[in-house]
Structure formats: structure tokens, C-alpha cells
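In what follows, chain A forms one complex with chain B and a second complex with chain C.
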Partner chain A sequence: MKFTKRAVALVGAVIMLAPLVACGSSSSSSDSGSATTSIVVWSWDSTVPRTVAGFEKANPNIKVKVTNAGTNKDEYTALNNAMSAGKGAPDIAQIEYYALPEYVIRDNLQNLSSLGASSYKSFYTPGTWSSVNINGGVYALPIDSGPMALFYNKEVFDKAGVTQVPTTWDEFYEAAKKIRATGSYITSDTGDAGFFDSMTWQAGATPFATSKDGKTVTIGLTTDSGVKKWTAFWQKMINEDLIDTKTPGWSDDWNKGLNDGSIASLLTGAWMPYNLLSGAPDGSGKWRVAQMPTWEAGGTENSENGGSSLAIIKSSDDAKVKAAYKFLDYVAHSATGIKTRVDAGAFPADNDTLKSSDFLDATSLTDSNGKANEYFGGQEYNKVLAKAATDVITGYKFLPFEVYARGIFADDAGAAYTDKSITLSQGIAAWQKNLTKYAESQGYTVK
Partner chain B sequence: MSEMNREATTSMPMTNGRAATNTTARRSTTNRRARARQTAHDERLERRRAGKSGFSNPANPRRSMMLTLICGLFVAYCLFPFVYLLVNATKTQADFTSTFGLGFGHGFALWDNLQTVFTYQDGIFGRWLVNTLLYVVVGAGGATLLAIMGGYALAKFRFPGRNAVFVVVIGAISVPGIALAVPQFLLFAKLGLTNTPWAMIIPSLISPFGLYLMWIFSDQAVPTELLEAARVDGAGEFRTFWQVSLPLLAPGIVTTSLFTIVATWNNYFLPLIMLKDSSWYPLTIGLNQWKDQASTAGGQAIQNLVITGSLVTIIPLVIAFLLLQRYWQSGLAAGAVKE
Partner chain C sequence: MAVPGIPTVRETGSLQKMKRGGRSWDWRGWKFMLPFALVFIFVFIVPIVYAIWISFYQKRMVGGTVFVGLANYIRLMQDAQFWDSVRRVALFTVVQVPIMLFLAAAMALALDSMKLHGSRFFRISTFLPYAVPAVVSTLIWGFVYGAKYGLVGSINNVFGSDLNVLAPSVLLAAIGNIVTWEFTGYNMLIFYSSLSTIPHSLYEAASIDGASEWQIVRRIKLPELRGSLAITVIFSIIGSFQLFNEPSILQNMVPGNSVTTYYTPNMYAYNLSFSGNQSNYAAALAIVMAIITMSIAYVVQLRSMREQMK
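This part shows the complex of A and B:
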């Protein structure tokens, strides 16, 4: 190897120039032309980028860049980092309903009431509207929803002799025993805080509350009757080995279990169909959807699981906020924007779509090759899910630090599922204790 | 020594005339076979002698069933993830969820998977690959260059504060890069550099371990007399460095660059907090994003693409190791024996 001065200079120059060139291309696109406003959207939902083309066509002076900054918790961490650094936060961020209160209380989000969103109440389902309505303001627009439903593998149910879909939790328990006898589990749970929230919500629980000024938090897990009701029931299921407590949700093994029938049903949000289609392809034609079992015969109470909204990050740049709101309105409120996303698999949060015959009459999902797949055996599954959306109990509140709370749930209560060394109510009590401690360390008064 | 020994013992049967009775046509092969048999026999005897005397010939070590078995286990353990990747990269998503993890699926979809990996989401995987290459070439390349120059200067020049630098470098090695990532993020955010490739490149330019390695290596590999001779001949310090010292440092350079390349190629935490624009992601973050897609509402599970993408991601590293292995070995062994 021979090195001459010229070669050195050349190598040095190339090393220093390469990133410059690379940077140049990114900065030029962000502020090209004085009349255009460009906005950045953080969203992991794959259907959001599909709306950009239609929006930019209708609003040629606004450029939208949608970027996937991480899925749920990863994005929140990034958002918190950018906010504490004071730079790098997007104009719009996808935020799940459960995480919304903490951003509102920290005053990170733009109140959309004055921009025109206050009149949208009748447009959205009661559950989603109550989730974005915090302390009298509207801080985000719902983009999808997750009313709970019972997704079940009819073939496994039939084989076990469960010919009637369980409509109450007592029937669910009896069905679980029959299904366990065939070797399968009726469902799985290894200690998922989101699931815990949804299930206690459906049992009528309201363990959390935050005062209007955001200074006082109520944490009432150990005294709430709804929490007690559900905990006792689930403990019975765990004790009698009726649910799979070994297979974590969303793992490859879990998908395998759904695929081969060893996990026979799911209690989850209405957005599940497309996840089933790609995660458990062999279940095609075997699965069905039904309403959640209820605590009293003939009851209709329901709750939500998951679901997200788009929120505008607070900014002093009025032009950006206005442009961001235009995009938000297009994605979450305009018929064309919503249709684009629903066609791609999103479960809608607005009443118009939930009532439209196009949506309700669907009997097949569209797979990744564009082919129709009668995954639910020709059932008009959206009719069931749309009904589920109208039955959601409003008024359930999340903690103002729900992201943290869910993160430690498994540390406190996980042992009740995995090695059964503690009971579920002991786990919940430990969670209550740690949440109280954390709330106090964050400066809240805990009631 | 051992080669000569073996030659001497194996040549004995030929001299006693047994081989001479064969016809010339068959002679060479028979000879070879006989010689191989004889060699094996002698080696066996040598090993037996070594077992008694306690001295063994390094070129003809004693065999141990136990050690072979343990080594075999380790090989299997190390290759296991790789085999898993290779096997599962040939499956479709449907086969991935329905068939045994270490067995092949119903079809062979490797080519389809590869094609989809590079076309999915408008071919963003290719962009991530290019990004990773950029970070490696500029970041790891720059880190290596800085380590060479710094290490060489510390080893070959005497200047005040040299010991202080030594203490700082040793201290810096003991601080894990992850611990510095968050302060770095806040610093870069203030400078307005997050979300640009600089946020990935500048921290990658620093490699205390590489500097230390090059320091030690320069100390051993470049004789001070040679530098004095070059100076006497009128070469400037730069010319001495590039033309005299650098060729001598080649094995060390390869070692250092392998370390920095692997560190940059696999870097996960730094880009995770620095970059939020998917068009600047390196492969590590991009693949994680694909993996997470399956657990989002209505998201399509693309585990087959994640697996195939991971395979594509490690192949350049495997190639780099295989090609540079020769230099690397001589680099690590340098200075072990006084020549």
C-alpha cells in the first residue's frame, strides 16, 4: 500500500463530504419554497401514510411527511426525549387513548376545540370521543377504535362440544373447561396491563381518576368492586389451568397457538381481524366473532382495548398548527380520508362508517396479495363489531402516567400468572402500592 | 520441528524395500496410502508416548473425547441462531407460523422473500442498507483513521500530558457507550443535529478501545530506529507516518477496523434515540420496526421478511470476517514472540 499526500487529502475530503451531501438533501426538502408548509407526522399505523397522496392533492401548499418513529412505547419515549430536549418533536403524533391524558396534563398538546373540533361529538363513537375529551378540551381526533369482542375458533369450540357461544362469564368458564379437556386453552394471558384495564373496565370498574387541575390522582385498585369481580373470576381461571399463562401475547408462539387452535379464542379489540389474517393464516374460515360475554345474562356492557388518535404537538408556529389541523381533519374526519384507511384494514371510530352498508355488509378481508379471504367463514363480522362499539361504557379514565403504570404491571402482578407464587389480588395490591409511590414521587397528591 | 520428525519416520518404510515390489503404475497411490497409514500409526504412538511423559507435540496434540464434545457443543450453540435464520428465511409467513421452527416449510420461498425484502414499502430496506454502509464507511472508517493516528502519536512521540491521555483512554474504555447515549442525545438536540446522519456518525468516530489497541500495536510493530532512519533521510513526520509506519501497522489497522465496523454495523441504542426519520434508519432499527408491525392494530405480520432481512444484514459482516481473518490473526498474535 502506498499513500501519497494527494490520496490522503482525497480520502479526507470524501470522508468529510459524504455526510454533507447526505444532509444537504434532507434539509433542502424541508423548506423549499416559502408558500408551502411542511409538517412531520409520527405514526406507526401503516394506513396513515396512505392518506398523504389524497391530502396533498387537495392541499398543494402543505407537504406531509409521515415517519414511523417507533411503535407505541418506543414512540412515546422518543416523544418525551424530543420534548425534554426542546427540539425534534413532530407536528402531529399518533398517541393511543391510554397515553393521551399524560400528554394533556403535561400541557404538550394543542387544544383542538378552538380549531373546530368541539362540534365533532356526534361524529365519533361514545367511547372514542370520551377518550379524547380531557378536562373539557379536545386534544386529539380518534383514528381508530378497539371495542372489545370475542374472536373464537369455531372448529375448536365445536370439537369441544361448545356449540353455543358463551354470552356470560359463567358460560365462558364452562366452555373453558370443555376446551381444556381437548388439550387447547380457551385463551391466553401472561399478565397484560392493557387487557387488565379493558376487562375491569367492562366489569364496571373505575379505579383511576385525576382531578381537573391535574394535581390529585385517585388510585383505587384494591377497593374498586369491578376490579374485585374480575380478579376473582380470572383467579379461578388461572387456578384451574383454564387459560394459557405461558405464551406471551404477540410472540411467535402465540401466533402459532392461534394458527393451530391450541389457543381457541381471544378477548380483544375490533382491530384484530387483519392481525389474525396475517398472524394465523391457517385459521381462515374457522374463526368467528361474537359479543363479549357479560356479567349478567342479557347484559351489553363493553369496553375498549387499544385504539389511537392523532394529536397536534403544542407549538407557537400558527401556520404549522393550522396546516397540521387540516391534515388531522382529513385523516380523522373527512369521508375520503377515513375510507382510505378503513379499506386498508383500520377499524373506524366514526358513526357514519360504522353505519354504512359498505362496511357492515363485508364478509371478507383482503389479504396482502389483494385477494378476498373469507376469514370469518362468510360471517358479516363488522355488524358484530359495530354493535360492540356502541355498547362501550363511557367514563373510564386512565392514569396520567398510564404508560409507566403498564410498564411495571408485569413486575408486580406477573408472578400471579407465570409461576402462581402470589394471587392476582396480591399482585394488584403490590401494583397499587408502587403506583402510589410513583405518583407521589412525581408530585401528585394521591387519594 | 514436527514436520521434519514426521518426514523422517514416514520415509523409513520406503527405504526397507516393501514399496519397491509394486508396479510403477500403482506405486504412487499405494505409496501414498501406505505413507498415510504409517503417519497415522506414528502419530498415534507419539501421542501415547506424550500421554506418559507429559510432553506433547503442539502439531500433534493428544485427543480428548471430552474436549472435542465440549467444543462441538459450543460450535452448535454458536451456529444455532445462524442455522435458524437460514432455515426460516426459506419459509413463507404462513409456513413460519405453522411449521416447526428448525424444520423447513412446505415450500422454498427464499428467493421470493429476498425479492420482497427489497421491494416492501417502496424498497426502504435498500435505503436502510445504504444508510448502514454510510455510517460504517464514514463513522467506523473515520474512527479507525483517528485511532491509528492517535495511537501512533501516543506510542511514538513523547509530549507532556501523555500519561494523562493514557488515564483518560483507559477510563473511557470502561464507560459503556450506552451510558453516554442519552447525554449525547441532549447535546445533539441542542446543536440541532438529531435526526441527521451526523447524530450517528459523530459519536461513532470515537473508539477509545481502538485507540488503545493502535497505541499498543504501534509501540510493538514500528521500530523507533526505522523512524529515526526515515527522519535522517529527510522525510517529514507525515511522510514517515504514511509511507513508513502505515504499512507496518496493517494487521493492527485491520483488527481495529473490524472492531469499529462491527460496533457501528450493530449499533442499536444510539440510532434508536437519535434518529426518528425512517429514511435515515440503519438496518438494526429498521428491522425492529418491521418486527413491531405485527403487534400493531391491523398491522400485517411480516416475520418472514424480518428473518430474511436479518440474514441479509449479517452476510456483509460474515464476509468481512472471512476476508480479513488472516490479517486479524496475525494482528492479535503480533508481539507474542520476540523476533
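This part shows the complex of A and C:
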């Protein structure tokens, strides 16, 4: 009895100490005398780990460890904690375009210009390059992009008598009415701030701006004509019950809705195909891709939704920064690295791949068993998406605290969707007020 | 606890110690205390002091960290979102705690009546939800609640109804249901254990005196429950004021503004700190909430102690 108690205590003590030991050893591996440098990458993109084997083969003295520290907001929380604690932050982190400005302004990221990235401008699409090129520096390299497109369930559209894909928002509205008559909704939105940004961006809005010194922000949601144009249109859709405002995006119900056709289309980023394949497998063969509807007939304007970059966290350890940049360059800039990821389903951010026939001629997705799946009914869907990427309006800017701003969007505007107790423009006015208050409390001058 | 060390020395009249100078201190008690005291200081006192300390500062994205005195507290007093969240958990406490404790007491009495078959199974199965992590049980309930494809959705299909328990107006009740499911068994066990300390001779004496079952419950069992009632009430109040897991998990499963970022004080503190870059303000919030919770728990304790004295 005595022995077992002691054994338990000993085991307990060892278990409790183990994490401490692990903490102590991980950071010292780079300067242990051998030439091997190890770098830690935080990324939730499943295609990033696939590039490690190829990279390590070409660079045997760099060891890369890719960790999934959570998806978007969760990772940013972990990243912020590690940064304010002063340790535990990775060498490279996946950061979405909308979150990039705030890390740049807080001076958390390495400027990559001097490392060789300043000459990459023509390599990437205009939209993604303008997202990583902030205040004259290059703070990350694009790894994918999300030009908006209309993904639609052709079967449901046909059944409702919508034989022509809507090309303008007016046609979209008419299509929505026909589809609603069959019991389905044309799409869903329960108050998604990222979607709001993309849609107003496409309507030509530029509600946010930050001065070059990073001390003055402009928040012009209530005065921007693009915001007004889109808000009025979306309010009409909500009022006439033409969009599903009850099914939150990415929930179980939402996936099932896409799967059974009760949500008939999606206005979303070009990274969607593989999510459709896994979330709505029954839709295989029924879905198609088209360009976003535009505000005027014959228009081509487009915007982005989502899309990520990899950034190097600022560090005084030069060897690490150099090793990290090597990996970054391999993943985001080298042909082999990009091909590995695109083959696994990433939507490219570089012009070469967007023009390559390999990419453009694809007619099928590869499912989890490695089998080809003609999800889009044999359509050359990448041709549509590649075109969408070139139509993105440049010049849209995110707030320097966009992550927080999106977090409170539903607090202020959510009621316009959920119980319709306020209008969308009232909700956006409340959002504007709270963002202004927040910016001022953070020391910004608000214009 | 260690302070009695000094009188001990004097009472036993340890001459040697006295001779070495009256200021000598007996450290023996403290030595026994040391392991606990160290842990207590590092995991309890230090974090609280640190939280109080940072609550007097403000970290800004532009301008860095500045000392602001009581500004965070003043802002908190005027923060409608904060009071909104306090009101919500207060309402939750007032409604959910009595229901849960009533159910728990009823279950404990039923178990203790010894007239049930399979009481062991009953005891285990009602306690089991407590052993399920709150995150898991909330996920499960979230699927049950799904108005389209969950159990609620199936009910809607069968009866052609349009129930939606995740709508903003009824969501708090839906969360109350989850919490009740989770903690009734736990409270039942506390009640049951205090009931089982009653000597059986009392029941025999009562039935010889011709007391009915209901009279035994009223005159013997319920008075005995009072002590444990105080404990369960205090635990439940503290638990409800700290409501976090359930709404936080449900946030991704409900549309729009059903669960706001300031739904409960804890969620508000979390969001302020981790996505709003306002850990100083969140610290002030945490301290105020601690004071509010402690004072309510203290009042409840005082009342129940006074009642027990009667």
C-alpha cells in the first residue's frame, strides 16, 4: 500500500514536471552547436504540412515543425497571448489578409523587403499583393486567395426555372424569388462580418483607412455609398425572406442545407470547392461555378473573401529569420512548393499557376480516397475562378483591428438578421459607433 | 492557522527559547504550512494582486501602456454591455438555481425513501451528466436543439410545428436546461449524502408515533437538508455567475446575435482580453465580478447561518 502511494506520487511528480522539461529544451535546439536550425510554423491550412518533406529534402539543415494552433480567431488569440508573454510564439504564422494590418501596426512582423520579397510584385495577383504590401513594406507572402465567385446548385436552380445564371444583382434578386417559391433559399447569411466586408468591397466601398503612421483611422461605414448600396439591396432580400437568416455559416445545419439543396448557392471565396466536397458530398455533379453578379450589366468588378498569408514573427535571431524565410519562399514562391499545395486543393495566389494549363484544365476534385470527383459536373471551374482573381478591385483596406471589429459585428448588426428588430443600416450605424469608441480607447485619432 | 504557534510556546513554557531572547519565533507551524502557503501565494494571491495592479493601467495600440488610475472602473460602471451581462446571469441564477435544486432535492428524497427499484442505477445515471465535460454536453445539446436537422427539427417535421429553441428570446432558457441537466445529479448527491446521515431509529420512532410518510419528510428529512442546501445554493450561485462554457460553445451554432460577445460577464472578459486587446479593462471587470459574486454568496451564507442558529 505504502509503495503504491509513493509510486503514484512519483509518477504524478514526473508527469507534472514533464511539460517544464519540454519547455526548456525546445528553444535551445537552434544554437546547440550543430548547424541544424529548427523553425516552428503555425498553420491550420492542411496543405502547408505537405510541403515540409520536399523542403527538408532540399534544405537538410533546417527542420520544420508545422503545428495547428487553431483556426483563424483561435490562432490569433494564441498568437497574441504568446506575443504578450514574450515567448512561445512560432517563427512563422498563418495570418489571413484581413488580420495582417494589425500585426504590422503592432510591429510584430518581420519586413520581408530586405530578404528579397520586394521584387515579387508581379508574381502575385493584384488583390493578394496589395494585401501583404502595407505601408511600403512586405510583411507576408500570400499562400492562397479567395476571389469571390457564385457557387450554385444547378439542379435546384433548374427546378426553380432559373436556367440563366444571374449576372447582375437584379437578376440575382429575381432568381432568389423563384428559388424561394420552391421552398429553398438562394443563400444564407446570419450576420457574417467577413461576408459584409466582401460584399461592400465589391460594391465599391472603402469604409476603412489607416494613415501611414498608423495613428489615424477612418471609419466611414455610415457615409460610404458602396456600403449604402449593398445594405439597401440586402435589406430587401431579408425583408422578403429571400435569404436564410437562421442557419449560421459552417454549422452542421448549414452543411446539411448545402447538401440537400435547401441552400442553393454561395457567394464566397475561390477556396470553397474542397469544402463543398467534404461538407456537401451529395451535391457532387450538381454544383457549378459562375462569376459574381455585378451591379451593372456587363460589369466585372469583384472582391476577395478570406485567403491567407504566411508571415515571419519578428525575432532578433538572424539565423532563424533566414531559415524561416527560406521555408516561406519555398511554400509561397517556389514552383514546387506551390504545386504541392495546389494539387492538394489550395487556390493559388500567383499568376503563373493561375495561367498554367495544368491548373486551368482541371475538371475534377480529388476526394479523400484519392479518387477524381467531378463535383462541378465536368466544368473547368478553375477557369472561372482564375478570371475572378484578375477582376478584384484593389485599394480596399481593412481596419487595423479588423479581428475585433468582425467579432462584434453580430453584437450590433445581428438583430437585423436574426429577429429583424432593427434594420441593417441601423445595425451598421451601431457598429460604426462602437468601432469609433473602441478606436478612440485604443489611442487612435478617428476621422 | 499557524499563528497559534506563538501561544503554544508560551503555554508550554519552553525556557530555552525564552532565554534566547523574547523575540524568538517558533517556525515549526510555518514549516508544516510552507508547502501549502507557497502554492497558495503563487496560484492565488499573486495572480489576484497582479490582476488588481494591471487594472489600473491601459494598453493602447497607439501610445502603449499608460497608468490610468480608476478609469477602467469608472468606465465599467457606465458600461451598458457589462450590466446587461450581469443582469442576464442574475436572471439565470434566480430562475435556474431554484428549479435545479428543487429537482435535486426531490430526486434525493425519492432515492432515500428506499421504495424505488434499481436505486443504484438511478443514482449513477443521474450523476453521470456531471462527469461529462461541459464542452461535450453542450455540443450534444446543440445538435439536439438544431431546428432543422436536430431532435427539435424532427419534432417540427412530425408535428409541422415551427419550434426554435435557439432563437435569441428563448436561448437563455435552453442554456438553463443544459446546466440543469449537468448539475442536478451533483446536487442530488450532496442532498442524498446528508439524508443518509439521519439515524434510522428516528424514522422508526416517528412511525411508532403514527407519523405519515409526508410528515417524516417534513419534520425530519427537510430540516436535515438545510445545511447542505446552503452549500449547494452558494455553489450554484457562483457557478451561474461564472457561466461561460455553454454560451461560448453555442455561439458558433446559433445565428447572428443570439449569443453576443458580452453574453455573460465571463465571456465579455474573455473577448475583451483576447480579441479586443483590452486585458486591463478585462481585469477590472473580473475584479468587480469577483466582488459582486462574493458579496452575494456572503449574504446567502449569513442568512442560512442565522436560520440554522434558530
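Just so we're on the same page, the second predicted complex is superposed on the first by the 414 of 447 C-alpha atoms of A that agree within 3 Å, B and C clash if a C-alpha of one lies under 4 Å from a C-alpha of the other, contacts with A are read in each partner's own complex, and residues count from 1 in each chain.
Note that in this section a contact is a pair of C-beta atoms (placed from the backbone, for glycine too) under 8 Å apart; a residue touches a chain by one contact, two chains touch by 3 or more.
Here the structure is a predicted model, which means the values were calculated and not measured.
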item	value
First, second, both or neither for A:425, with chain B first and chain C second	neither
Which of chain B and chain C A:302 touches, first, second, both or neither	neither
Chain A residues touched by each partner, larger count belonging to chain B or chain C	B
Which superposed partner A:368 touches (first chain B, second chain C, both, neither)	first
First (chain B), second (chain C), both or neither touched by A:256	both
Partner chain(s) touched by A:85 [first = chain B, second = chain C, both, neither]	first
Which superposed partner A:275 touches (first chain B, second chain C, both, neither)	first
Which superposed partner A:403 touches (first chain B, second chain C, both, neither)	second
Contacts of A:198 with chain B and chain C, given as first, second, both or neither	neither
On chain A, positions contacted by chain B and by chain C	77, 81, 84, 250, 252, 256
Partner chain B, residues of chain A touching it in the complex	1-5, 8, 11, 15, 18-19, 22-23, 26, 42, 44-47, 67-72, 74, 77-78, 81-82, 84-88, 90, 144, 146, 250, 252, 255-256, 259-260, 269, 271, 273-275, 278-282, 306-308, 344-347, 368
List of chain C residues in touch with chain A within their complex	58, 60-63, 81, 143, 146-150, 164, 167-169, 252-258, 260-262, 271, 274-279
Complex contact set, residues of chain B against chain A	93-94, 96-98, 134, 137-138, 141-142, 145, 185-186, 189-190, 192, 194-198, 201, 238-239, 242-243, 246-247, 250, 272-273, 276-280, 289, 292-303
Complex contact set, residues of chain A against chain C	73, 76-77, 80-81, 84, 102, 105-106, 190-191, 214-215, 245-248, 250-253, 256-257, 262, 400-401, 403-404, 407-408, 410-411, 413-415, 417-419, 438, 441-444
